[in-house]
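Once you scroll down, you'll see the structures, which are given as C-alpha cells.
Two complexes are shown next, each including chain A; its partner changes from chain B in the first to chain C in the second.
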Partner chain A sequence: MARLSQQYRVKQSLRLLGIALLMIAFSVSARGVYQSDEAFLNEAFNNEVPRSKVVWNKGELRQAISTILGHDYAGLRIRYWKDNNRSSWILEEIGKEKPITFGVIISDGKVEQVKVLAFRESRGDEIRHPAFTRQFEQAELESNQLNRQVDGISGATMSVRAMTVVVTLALYLAESISTE
Partner chain B sequence: MNRKMRVLHRTMGAVIAIFVLLLAVTGVMLNHTSDFELDKRYLTWDWLLSHYGVGTVEPDVVYLLDQSAISQFGSQVFIDASPVVNSQTAILGGVVIDNLMVLATESELLLFTHEGEFIEKMSASAGVPPLIQNIGLFHGEPVLQTRNGMWRSDFLLDQWEAISLQGVGWSQPEPMPDNVEKALAEYFHGRGISIERFVLDLHNGRILGNVGVWFIDIIAGLLIVISLTGIWMWLRRVS
Partner chain C sequence: MNFKKTVLALSVMAAATTSANAAAPSNEEIWQKLLEMQQQMAQVQEKNQQLQAENESLKTKVEATEKVALEATEAAEAVAIATEEAVKTASSAMDKNSIGGYGELHYNNLEDENGNDTKEIDFHRFVLYFGHEFRDDLRFFSELELEHSIAGDGKSGEIELEQAYIEYDMNEQHSVKGGLFLSPVGIINETHEPNTFYGTERNNVEKNIIPATWWAAGAMFSGEIGNGFSYDAAVTSGLDVTAGGTKTTYKIRDGRQKVSKALAEDLAYTGRLKWTGIPGVELGLTAQYQEDITQSQDATAGSATLLETHAVLQRGAFGLRALYATWDLEGSGPAAQGYDEQTGWYVEPSFRINENFGVFARYNEWDNQAGDALDSEYDQIDLGVNWWPHQDVVVKLDYQMQDKPAGGELDGFNVGLGYQF
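After this line comes the complex of A and B, so read on.
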C-alpha cells in the first residue's frame, strides 16, 4: 500500500514537472523575430523597395506624435518607404517592458496590413495572429484616433495598446506625408 | 585591592579616552543630523568613494567623438554622463560626419546630433550593409568594414557602394576621460557618501566592516568595566 502511494507521488511529481517545463517553453516561445524588416518591405513592395525617406519629429508633429503615443517618440526622425499612395512604416513601441517592432502598410489613408515583426516580451504575443491584426485592416484616422473599436485580448492588454497606438501613429504619419 | 583597581581604571581610561571622544562627537553630530543637514551634504574624497566601492565605473567600451565620450554599459549607451539610447548589440566604433555622430553596431547605425540627441537607428532595411565590424572615415566619407567587404557612403548613409580602400581612419576604443568617469560615477552611485552615513559608520564601527563593529563592542565592554571600577572606588572612598 505504502509502495503504491510512493509510486503515485513520483508520478504526480513528474507530471507537475512536465507542466512546469511546458509553461516555461510557452513563455519563451512568445519571444522572437517573426520577420526581418527587409523581408517585410520586400513583401510589401513586391521586391522593389523604394528608397527610404524620413519625417522629422519636431514642432507640431512632435506634439501630435507624443499625444498619440502618450509619451515622447525616441528619435528625431522616422523612416518610411513610399510608392505612390502606399507607405510602409517600421515602428517600435514598448508593450509592458520591452519594445515590440511593428510593420504597418498604409494605403490611401487606410490600414492595409499590420504585422508584428519582433516580439520581446514574455507574454502577449497573441497580437501577432492574423485573427487579431485583421481588426485593423481598412481602419482610418478620425480626430487622430482609430475610427473603430479594437477588441482586447485577455492577458495581452499592454501589447494590444502598443499595436493600437502604433497603427494610429502610422496613419497620422502617412497623412502628414500625403501632401508631398 | 584598591590600588590595583586604580591602576586598572587609569590604564583603561587612557586607552579608551580617544574612542570616548570619537563616540561623543559622532553621537552629538548624529543627534543633530537635520540641524547640520548632514543628510544633504556629501563627501567625494576619492579614497572614501573607493572604500565604499562607488569610486569607479567600468564601461564595456568607450569611443571619443568630437569632444564627447561615448560609452556602453550593457545595453545602455551614454554620451558623456547622459543615457541616450538602448542597444542590444555592442558598439563597434563611431565617427563624426558633418553634424552627425554615427555609432556602428553589428547590424545598425545609431545616429545622434552634435548635441547628443538621438536621431534614429538605421539598419539593413534603410540600406545599411549588415555584419558590420568597424566604421571609419576616408576623406570625410563614412566607410564600413563588414564581413562581406568594405562599403562607402555619403552623409545620408542610406546608399552604400562596395569598395576597397587603403588608409581608412578606423574608429578605435579609447580610455574613459577622468571628468566623464567622475560624472558617470555620480550618475550611477549618487553624489557621494552623505556625511550622515559616514558619521554613523564611524560611530558604530561599520566604516571598518565587521571588524570595526567588534572593535566598538570591545570599547563598549571596556567602558562598562571602567564605569564599574569607578563606582567601586567611589563606594570604597565613601565608606
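After this line comes the complex of A and C, so read on.
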C-alpha cells in the first residue's frame, strides 16, 4: 500500500512538473510586445495623458520626413501627445523586415527617453535594453540629424538604424510643432 | 412717432427760447426744417432696415460656410483614417512572405613568388533568402546560393541550400529551430553579407579553421539569459573528414557535409555563449564536440573538439575584431600528419572614416597541421578600404601578402562589389 502511494505520488509530481514546464515554454503569446502604447503614454505623463493631436504629412514637412527616414513616411498623419514642453511620439520603422515600434519622449528639444515598445524580428532585440537606449538621452537635432554617434550591435545594424532615424524624426517633429 | 415729434418740437422750441437774442425763424421756416428732418429720419430708418436684412443674410451664409468647413475637415479625417487602414491591410498581407538576398563579384589580381599570376573575375556568390511567417511565433527561413555563376558537372560553381529551418518562439526569451541552419560559431559564419565585413574575400582563418561557412542540420535552442548574455545549444549532423575525391584527409574544412545525404552516424553538439551587454561590444565563446570526425568510417580517427572565442568591438569610429579557434582531433590517423591540432587566429583593427568609407588592417595566422613539428603555418596581412555608397552596397579594395610554408603564396590585390537587400 505504501509503495503504491509513493509511485502514485512520484507520477503525480512528474505530471505536475511536465505541466509546469509546458506552461513556462508556452507562456507569453506575442513575441516582443514589451509595453503597450497606452502604458507607455501613462508612464510618460504620469497617468494624465493629454489629448492627442496630429501633424499632417504634407508639403515641406513631408520632404524633410522623407529625407530623415530615407524613404517616404507611410501615413497621412502623425499622432502626438504634448504637455507644456514635453511631447510624446509613438513611431514604427522597419528594421530588417519587420516594423519595430518605438516610444520617444522629447523635452525642450532634447531626447528625454526612447523605448522599444514592440520588436518583431528574430535578431537584434538587444536594442531594447537600457544600456543601449541610454545612448540617445539628451541627444539633439543638428542640421536635421542626430548630434551624436551611436554604438551599434553587430548583427543588428538595421535595428540600430531604425531607432536612430525614429529618434531623429521625433526631434524634428517636436521642433516643427513647437512653433505652433 | 408722435412722441418723437413732440420731443423734436420741444427741443426746437427750447433752442429757440435759449437763443432769444438770435433772430427767431418764421413759423414757415421751422415747419420746412421739421419736414426735412422727418424725411432724413425716414431715410436713415430705411437704411437701417436694409443693413439689418443684409446682416441676417450674412450670418446665415457664415453659418453655412462653417458647416461646410466642418464637414470638409471630417471628410479629410475619414479619408486619412481609411487610407491608413488600407495601407496597413495591404502591407500586412505582403508582410508574411519575405524575399532578400546578397551577392558579390570578385576580381583577384594575385601573383606568387615565382611570378605566376592568378587573375580572375568571378561572381563568387549569388544568394536568395526566402522567408515566411506562419504566425507571430512560427516562421520559416531559407538561404539558397549559387556560387561561381554556373553549377553542374565539370563547372566551377555549386548550388547550395545553406539555410532552411522552422523557428518557433517558445516565449519572449527562448526559441527553437529545426532544420538546416548555420552553426553558431565565429564572427562571419552567421553574418557574412558582403557589406558587413572588410576585405573582398572572407578571412582565411575562419574559412580554414571554423570552417566557415558551416551549416548543419538538427535542432537548436537559442535564447537570452539576462545581463546581456545569450546562448545557443545545438545537436546536429557532424563533419566527415575521411578521404575521398578532392578532399584532404582530416583537414577540417573538407569535412563539411553540407547536409547532402550527410552521414549521421555520429552527431555534433555545439554550445555558444554570447555577451552583448554594452552597445558596441560582442564577446562570444563556442565549444563543439563531435563524437567521430569521420562518421565512424576511419578506425584511426575519433572524436574532435572545437573551441572558439572572439570579440567584436565598435566604439564610435574605431572597430576591432579578434578571433581564436582551435580543433583537437583524436586518433593516430590525424596525428600522423599533424592534423590533430588545427588552429588559427586573427586581429583586425578598423577605422570608419565616415558613413561611406572605412579602412582596415588584418593579421591572420592559421595552421591545419599544427600537431606536428613541421612548419605548416600560414600567415597573411591584409590592408584595405570599403566604400559604402549606401549601407547595403559596398565596393572593396584590399591588398594581401601571404606567407605559406611550402611556397605558392599569393600576394596582390582584390576588388569586390557586394550588395544585400
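Operating definition for what follows: the second predicted complex is superposed on the first by the 149 of 180 C-alpha atoms of A that agree within 3 Å, B and C clash if a C-alpha of one lies under 4 Å from a C-alpha of the other, contacts with A are read in each partner's own complex, and residues count from 1 in each chain.
The working rule: a contact is a pair of C-beta atoms (placed from the backbone, for glycine too) under 8 Å apart; a residue touches a chain by one contact, two chains touch by 3 or more.
Just so you know, these numbers come straight off a predicted model, no measurement behind them.
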Which superposed partner A:90 touches (first chain B, second chain C, both, neither): first
Partner chain(s) touched by A:52 [first = chain B, second = chain C, both, neither]: first
Touched partner set for A:132, first chain B, second chain C, both or neither: second
Dominant toucher of chain A (residue count), chain B or chain C: C
Touched partner set for A:41, first chain B, second chain C, both or neither: first
Which superposed partner A:71 touches (first chain B, second chain C, both, neither): neither
First, second, both or neither for A:79, with chain B first and chain C second: first
Common interface positions of chain A, toward chain B and toward chain C: 74-77
For the chain A and chain B complex, residues of the former touching the latter: 36-38, 40-41, 51-52, 54, 74-79, 90
Parts of chain A lying in touch with chain C, wherever the complex brings them together: 24-32, 74-77, 97-98, 120, 122, 126, 129, 131-132, 135, 149-155, 157, 161
Contact footprint of chain A on chain B as seen in their complex: 85, 113, 117-127, 158-159
Chain C to chain A touching residues, read off their complex: 79-80, 83-84, 87, 91, 95, 98, 100, 131, 136-137, 139, 141, 167, 169-172, 174-175, 187, 190-191, 196, 228, 276-280, 282, 312, 314-317, 391
